[in-house]
Amino acid sequence: MAAITTLVINCTLKASPATSNTEALARNLTEALEAQGIPCEMLRAADYHIPPGVSSDEGEGDQWPDIRQKILHSRILILASPTWLGRPSSLAQRVLERMDAMLAETDDAGRPVAYNRVAGVVVTGNEDGAHHVISELSGALIDIGYTMPGQCWTYWNRGPGPGDDYLSSDAGHEWSERTARQAAHNIAGVARALESTPIPPASG
Amino acid sequence: MAAITTLVINCTLKASPATSNTEALARNLTEALEAQGIPCEMLRAADYHIPPGVSSDEGEGDQWPDIRQKILHSRILILASPTWLGRPSSLAQRVLERMDAMLAETDDAGRPVAYNRVAGVVVTGNEDGAHHVISELSGALIDIGYTMPGQCWTYWNRGPGPGDDYLSSDAGHEWSERTARQAAHNIAGVARALESTPIPPASG
Amino acid sequence: MAAITTLVINCTLKASPATSNTEALARNLTEALEAQGIPCEMLRAADYHIPPGVSSDEGEGDQWPDIRQKILHSRILILASPTWLGRPSSLAQRVLERMDAMLAETDDAGRPVAYNRVAGVVVTGNEDGAHHVISELSGALIDIGYTMPGQCWTYWNRGPGPGDDYLSSDAGHEWSERTARQAAHNIAGVARALESTPIPPASG
Amino acid sequence: MAAITTLVINCTLKASPATSNTEALARNLTEALEAQGIPCEMLRAADYHIPPGVSSDEGEGDQWPDIRQKILHSRILILASPTWLGRPSSLAQRVLERMDAMLAETDDAGRPVAYNRVAGVVVTGNEDGAHHVISELSGALIDIGYTMPGQCWTYWNRGPGPGDDYLSSDAGHEWSERTARQAAHNIAGVARALESTPIPPASG
């Protein structure tokens, strides 16, 4: 099983090097994980060519296999997404669709590869929608086999109506950043618990 | 078919006469409808005894039949809900469950009774969640047979994290109230279009 | 304003000419619309290069402007989506993100261009999820300005657990196809009502 | 902290002794937990008077405090819900609203009382909607502080369209019951991991 390291997949619609509000908020969570001795890597889905599909390799030019290897090498996965029309970004759903194949990929004990792995969520938006994005991503990650710790997420937005972005406003940063640190603490705690005492193989 | 009048069901958890933020925001919508000559009545689900169930009359003590009569006498229905844990209130879901029976109740032409009726949504919260509440209530109302006009809703909340209520903050009122007036305009427009040119009975 | 014609955007993950269950179910709806004299065009999002973004033109190689023109020329829009992890496909969300720009594009009367247009939804899946996909797509389309008629959708899936596809099973076809015809009737009815009696411009 | 015992709150709309499909499916999960030596108690929310509100005690006649004590005495909580209009039952949302107060109730180390507790979900329906119900309940439970193990749920329904109930059909039982056993295994595993290695108090 993978070591306790973290992969953050930032599902912003913007390729590097454009500024990403979602990346900026996610940095609070990765800094708190690193302060606990957990290495973190962050990538943007928009920097990769990820064709639509539900297999682990869609062939010529598909860069998903690179991301998939990083996912498999990390015990912790953070999905970070902006909010568009109140919903997770198309790239967040694309990542989940490609991860769908992991349901049928098993470890040595015959279990889905995501078992005993832990996930969290980061959401930003220029409008309301974060709780829903968290529920959508959590529901899908649990389906794939990830364990979601209590309060394993943070978010930032300002309602009502469309308005500021995380980096264009000072409002609410204290709450979102404190919540990120708490999420990191909970994610690290559950990852360590499952490393010490993994869910055992089913007896039959 | 019912005249163009409006029933607002406020699904706050608080019975009268407790102050309701949701009622306060919904007043902006009803005032705009009344300014167009459309009478409005507002009630609180919490003031009625509405036992759980999916029939139009759950028997002794059930006050749903009173609300149901008001729904049937109004061409326009507004569901107004607070946001709890990012979701519609339990009373909003209770109202929808009781309305579920309307799917099997038909007009003279054999169509579900909600056909040619129009609905809208009002959401308040002390935290993020409004877009999701709107989608949940809209999805259910469309299922029952209501037509949902474009931008037939307004909402108010302030993120990130739990905080002020609509009546305890001045922030964002201009946007939420302007959006309420626009929603009223759209709802009235579609109600009039369907009064002039109803969806005809299916030819077979 | 556009004539009463229909554009179906099939958001299957599979490019042509692969068989699409979603297309097959959507054909029931387009056939019923055509029987009412309403011309229909269907395209697959997967056949176009639609880069991530929230503008109407993301530049060099972006084929979204072609789809956008078709949307603007059709009074009726049907979003058809498969179900992956219980949610709309990444291409459905991509289409909505690109349509987000339509919120700021106005007609001669200063209204969002989607006003007085009508939408519907078709969903297939090899597992449960259709009601949620319908709510997600309906919520977003209402946000953009489309009017959603009562019961403007159909779906097909078989639970529990993953299993057959629409084209690999005979079960439930009668219900899904009858529901498609009813949806076509309702969509055509509301489109005609809004052609005869459009939502007027706001008086100020 | 509570011992590893399980409380199942069945959120069917039907009070005892009416037959509950949701209870019948949930029994597969409790039997599998009991086979692992984990005692289980099941109750129906509909058998209690639970007034609307978001406090732990709404006063005279409120029976929520009885349920709350059972929740606090059990390390594992299973929310079991029927599907109405594709969504969790009004009683499931009522339970979550009342649990909302737990966010502000802390253990000796100053953490929300739900920390280091584990939850799961059971869903039945006479129509599509289970994945959404699972995401809604999971999102809310994570918010409150519960850890949700990978694949901690089971469901049963048959689409498309309304139809059979779990107990009125033999179809799909094998999948739903096997999935219940797998969920029990995962829930027990994560509960034991967090008993052995709890999330520690935050260092400051």
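In this document, chain identifiers A, B, C and D correspond to the written order of the chains, with residue numbering beginning at 1 in each.
Note that in this section a contact is a pair of C-beta atoms (placed from the backbone, for glycine too) under 8 Å apart; a residue touches a chain by one contact, two chains touch by 3 or more.
In this text, all values refer to a predicted model and were calculated from it rather than measured experimentally.
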item	value
If a chain touches chain A and chain C alike, it appears here	B, D
Copies chain D and chain A - interface residue numbers shared by over half, same or different	same
Identity of the chain that, by mean CA position, is farthest from chain B	A
Pair with more cross-chain C-beta pairs in contact, given A-B and B-C	B-C
Centre distance in Å when chain B and chain D are each reduced to the mean of their C-alpha atoms	29
Where chain B and chain C are represented by their mean Cα positions, the distance between them in whole Å	25
Where chain A and chain B are represented by their mean Cα positions, the distance between them in whole Å	35
Per-residue multi-chain contacts in chain C, two or more chains	85-87, 131-132, 134-136, 139-140, 143-144
Pairwise touch network: line, ring, star, complete, or other	complete
Interface residues, chain D side, partner chain B - complex	13-14, 46, 52-54, 84-91, 93-94, 96-97, 100, 136, 139-140, 143-144
Complex contacts: residues of chain D adjacent to chain C	85-87, 127-132, 134-135, 155-161, 172, 175-176, 179
Residue ranges of chain B touching chain C (in the complex, touch as defined)	112, 114-115, 117, 131-132, 134-136, 138-140, 142-153, 181-182, 185-186, 189-190, 192-194, 196-200, 202
